[in-house]
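Look at the two complexes coming up: chain A is in both, with chain B in one and chain C in the other.
Coming up: the complex of A and B.
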């Protein structure tokens, strides 16, 4: 294993090929804008400078590792050059942090405080450029803030391969632009460029001006949008920053979704569908138990369901592929012997949605089909006409195709017309209200955490199943 | 005449650029000799022995560059003649392309043979119309006589030549960004490593040489490395094409034997300065080389004639370089502030925008000098310019940023009083003169 020296400490270079990678892997932070582990090396920001003893200052991202290389990351020439580069970058940057969504998590802001900190040397007026350039229905571009690191351009060329973005003009008039006749709407992974952007040049329309990021905190979760099971972070207001003046839903709202880096599943990316989980989880919730459309107490509904589960003859269950591993196990342990169970696809590809591609998106639009089929088989739903009870767990069942004489017990989370059609409707919790795990199509198990309170009158499916198995009249 | 000749060793007539005329003065003999009697490595060795240095600006030994390529490594190799002569003040390659295109073509064949190149390119700047026509006609002539294509002169060696016209960006003259231009992407200079002789055009090993460098090769192969070494100085053999412009009586392209006296060249060969003014400064090798002041030049003009000669070492020790051979002569009474303004405007306009220091720095310096020239300079502006120039030098991917830095630093160091005067009085010490009156 080649050994080199960073700040006079010997470090093992391992598999790394550049000095920057070795430094970062060994805890020597070297600031960088344009370099990204998943993208090609362009070396254009010139901030990641280090001193190679005897050879002077150079950029670390393109400096090959060599045996016995001696690197200084904090020597005087390095500091001076880094500072000068930051001054160049800030020369035409508007420094409108006060109204910039990136403020608080902006690399340039952090580096300025860490490595520059000096007032501007320039007295010249800043160059102006386009503000609010629409790149797509989802993304706007602020060219004044852009530092031209080209991460977004490389992303569309190397990762999403939509080739939508490019540079036009040259010198300090250079701008990121979509190529002719195209927009980022063509790219199902476009929102990743917002995270990639080291400054606030690429902005999400849905998150714009919604919150200062320091009021927010992320909760680790798993995207239920398809069988890939990408790990994500759901951003919502920090607990200590919840405002009494706002109603509860506002304080708990999911304001944005970002990828949670996970080399085994999704790397550093998620698709645009995953970015919209806030809307998915923000749909009107069902909070009222119903008996044939008549509002009843939850305990009453559970008792009615128990009677049906005990009394009916032939029983079929349509198991949700959105249930967590824990819920699926609870169902099997408590109720599987009373039902013939089929796994149901709760969601199918929507109109205009990318069905499948080579990067992340899978055709199965449900998060836990893999685990559900492992427990209940993958046979297609075959419901005999003499079925007396159908337990429908989750969305996606067409009630009109169920046998006419069968009673229906529906466990659902959303406000939907068929809730009132069922003989018993019991509202259950959603992913953001409970702990759990999903198993991806590759068999990778990922955990999700709650970030919202379970509404009144709603029960976790995991708690519900043992209750349904108990005799009528037992405690609930 | 300024010494012996290599490229200008014939009389220019209306058809001296034709293949027949070139053959009549011994053209394509070196090619026949090399293809019949020499191994590719022997050709490279001959160039190494000749001590030929690159004529594009950096004066890197051409033979050493070629040795970076193994002709038998089984990969495709490419040879590119850099005819994107964009350096302000430089127009020497134009002479080769217009009056001696076959010297370039024969040399490119020799180089292709030495480097195992199947496809060679000439990257010519889009503004060069007549040179392009002449070159194109010469290529057609050469193809007509079987000098390019399959099985050249029955030797089994094949080589095709493509003439690629640039679209006018200065940065395309930088060898690695030229590759991007040929490949059809943005002409961005590339980070080294890898060197172009490892991964260049289409990811294959590539040699990019200046037109003048390449054009000299036929002569070297014809007359031998020893004969070439006999010309010029010990460390800088051969001749340079110098394009002289500015306040000089006889501007134009001259072939100068390296080591020739500077004073003699300016005052005898070029006819002295316009209006018989004294010399103020010389930009010796295109605006990307540091300006030399009259102070140094006075040494030239007066007693110690030997002191400064036209060769790479002497100029390097004087703190400049022979660069691309674009000599700009500046007479006393010229406003250096406005001259620097023009230079910085050029660099600002031509910065490709890829890397930070040059993209922002050239524009910054340009805006500062514009303000000074508008009479709104501040005392701290000189320090600002120094600071920006300092951090443009050596921090960028290619040499353009460095060059902008050199230009400003050299001007500020040598003519600080003029800048201070301009800032203090809000007007030029020399009435803003750029012409010689």
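Coming up: the complex of A and C.
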């Protein structure tokens, strides 16, 4: 284990190979635009300069570690060079932070305040370039803000391997452009370049001008889009910044989704399906308990379901593969002895969706099939014709294939036509309204937190199952 | 024991608090009727004088007919209402950067931004802009922080206390955007349209081209 010195303190280099990695791992922050832990080293932004004692200033991201190396990260020549570098990067930057969605989490902004802080020294007029270049249906590119760090280009070459983006021309005219025969629409991981972009050049169309980022806060969650179980951050409006005069639904919405870095599951990436969780969770909710389509009180519906659950005859349960570990366990403890249980696939691959690839996306489009099958087996649903009661938990069950004479108790969260067809419909909460855990196909358990208010008249499935097991007429 | 045998008659104690300047009522005042008539003649006299002035076209009492009238005794430097300044073409100068909403200590400004790709100089504009005057503390931070001189405050007060405005006395973009002064001594208004300067000779302009 070589030992080197950063700012005169001895540090252990460990497994790291470059000075930048060692410095970041040991708590010495070195600014960087183009370097990213998951991408290759290009060394073109030149702000990660450090001083090697006796040998002058060089870029840390590409400086190999050596025994006894002495590094200064904040010395006078280093700060002078960073300042000059920022002046250069900002030569043609429009500095339109007021209308830039990245403002507030922009590294260029941060480094400018930390190392430069001076107005432009240049008197030359700024060169203009393309604003709002449509890279894909999801992303627009503002070439004036681009600092040519090439993170997005390297991402499409090294991680998503779609090879869509490249640089064209030279010098002032250099800009990021898609290659001629492909578009970024074909890349199922394209939205990661928005997070990768250290400035506000790559912007999400769905998030554009929705809110300034300091109005938002993230809630840790798990993407339910497939069995991978990527950990994500759901960004929603902070409580103290709730809108009171404008559209109140804005306060409840998930405005954007970003990956929550997790080396055991998804690394630093998620796919575009995960970015659209706001739309998935924003679907119209069911908030009314129904008996054969007739609105009733929740307690009345629970009582009706209890009577059905206690009835004689064969009973089958279709267990949701979107239920959390806690809910699945509650179902097993309370009701499993009364039902023959099958695990149901709530979601199947949609049209045009990437079914499976070798980076993240899995063919099973449900988050918790692994845990559900561990409890209830993986036999395909086989419902005999003499079944008296079918308990359908969650989406994805085709009611026309259920036995004709069977009563149906449906626990659902969304407004769907089937709700009125069921004999008893009980509205249950969704992932963003409760705590819980999902088990990925690899057996990794990840937690999700609530970030939305549970609507009136909706019950958590975990609380509901013990209530259903109680005799009719008891308290709810 | 003997004291309680006399039929239980209790002495009424006057517990009213006495003040040092209690009025001393003479016989004339105690007679009541004349003093009441004197009071009525004072109020009636004022009423009749105001009525006469009102009917003869002069203004009567010192009453401002709010909200149609503005009180005459507001100071010149009173700043009671916000206005949104306009570009020469009538659109708001506001770029919906939300700095005013962020700096506002009472958090009364709310802005919904819109996207206009056809105006590359001002792609972000306020779709809706509302201020709640029930909570505004008139500190003027919003004016101070605005990078575009898009919001100013004027001496008037918003004519708000109308029943249908409650709860929350919100003013929207339409009401804030109708400020059309002939001139403002504090800062020039309306701002001159910026002429698009041709690039100086010798400099290159990287033209954006679409695919």
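Throughout what follows, the second predicted complex is superposed on the first by the 472 of 476 C-alpha atoms of A that agree within 3 Å, B and C clash if a C-alpha of one lies under 4 Å from a C-alpha of the other, contacts with A are read in each partner's own complex, and residues count from 1 in each chain.
Keep in mind that, in the parts below, contacts are C-beta pairs under 8 Å (C-beta built on N, C-alpha and C of every residue); 3 or more make two chains touch, one makes a residue touch a chain.
In this text, all values refer to a predicted model and were calculated from it rather than measured experimentally.
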Quiz prompt | When chain B and chain C are modelled together on chain A, clash or fit | solution = fit
Quiz item: What angle, rounded to a multiple of 10°, is defined by the Cα centres of chain B, chain A and chain C, with the middle one as vertex?
Solution: 100
Self-check item: First (chain B), second (chain C), both or neither touched by A:81
Solution: first
Quiz item: Just chain B (first), just chain C (second), both, or neither: which does A:127 touch?
Solution: both
Quiz item: What is the contact status of A:91 with respect to chain B (first) and chain C (second): first, second, both, or neither?
Solution: first
Self-check item: First, second, both or neither for A:173, with chain B first and chain C second
Solution: both
Quiz prompt | Which of chain B and chain C A:244 touches, first, second, both or neither | solution = second
Quiz item: Does the superposition put A:143 against chain B (first), chain C (second), both, or neither?
Solution: second
Self-check item: First, second, both or neither for A:355, with chain B first and chain C second
Solution: neither
Exercise. Go through the superposed model and pick first if A:212 touches only chain B, second if only chain C, both, or neither.
Key: second
Self-check item: First (chain B), second (chain C), both or neither touched by A:379
Solution: neither
Practice problem: Just the number, please: smallest Cα separation between chain B and chain C in the overlaid arrangement, in Å. | Solution: 6
Quiz prompt | Residues of chain A at both interfaces, chain B in one complex, chain C in the other | solution = 124, 127, 172-173
Self-check item: Complex contact set, residues of chain A against chain C
Solution: 98-99, 124-125, 127-133, 143, 172-173, 178, 208-210, 212, 214-215, 240-241, 243-247
Quiz item: Can you list the chain B residues touching chain A in their complex?
Solution: 169, 171, 186, 191, 193, 348-357, 359-364, 367-368, 371, 378, 384, 387, 390-391, 394-397
Quiz item: What residues of chain C sit close enough to touch chain A in their complex?
Solution: 95-99, 102, 107, 110, 112-115, 117, 120, 123-124, 128, 130, 132, 147-148, 168, 170, 199-200, 203-206, 208-211
Quiz item: Can you list the chain A residues touching chain B in their complex?
Solution: 41-47, 49, 56-57, 59, 62, 64, 81, 84-85, 88-89, 91-92, 121-124, 127, 147-148, 167, 169-174
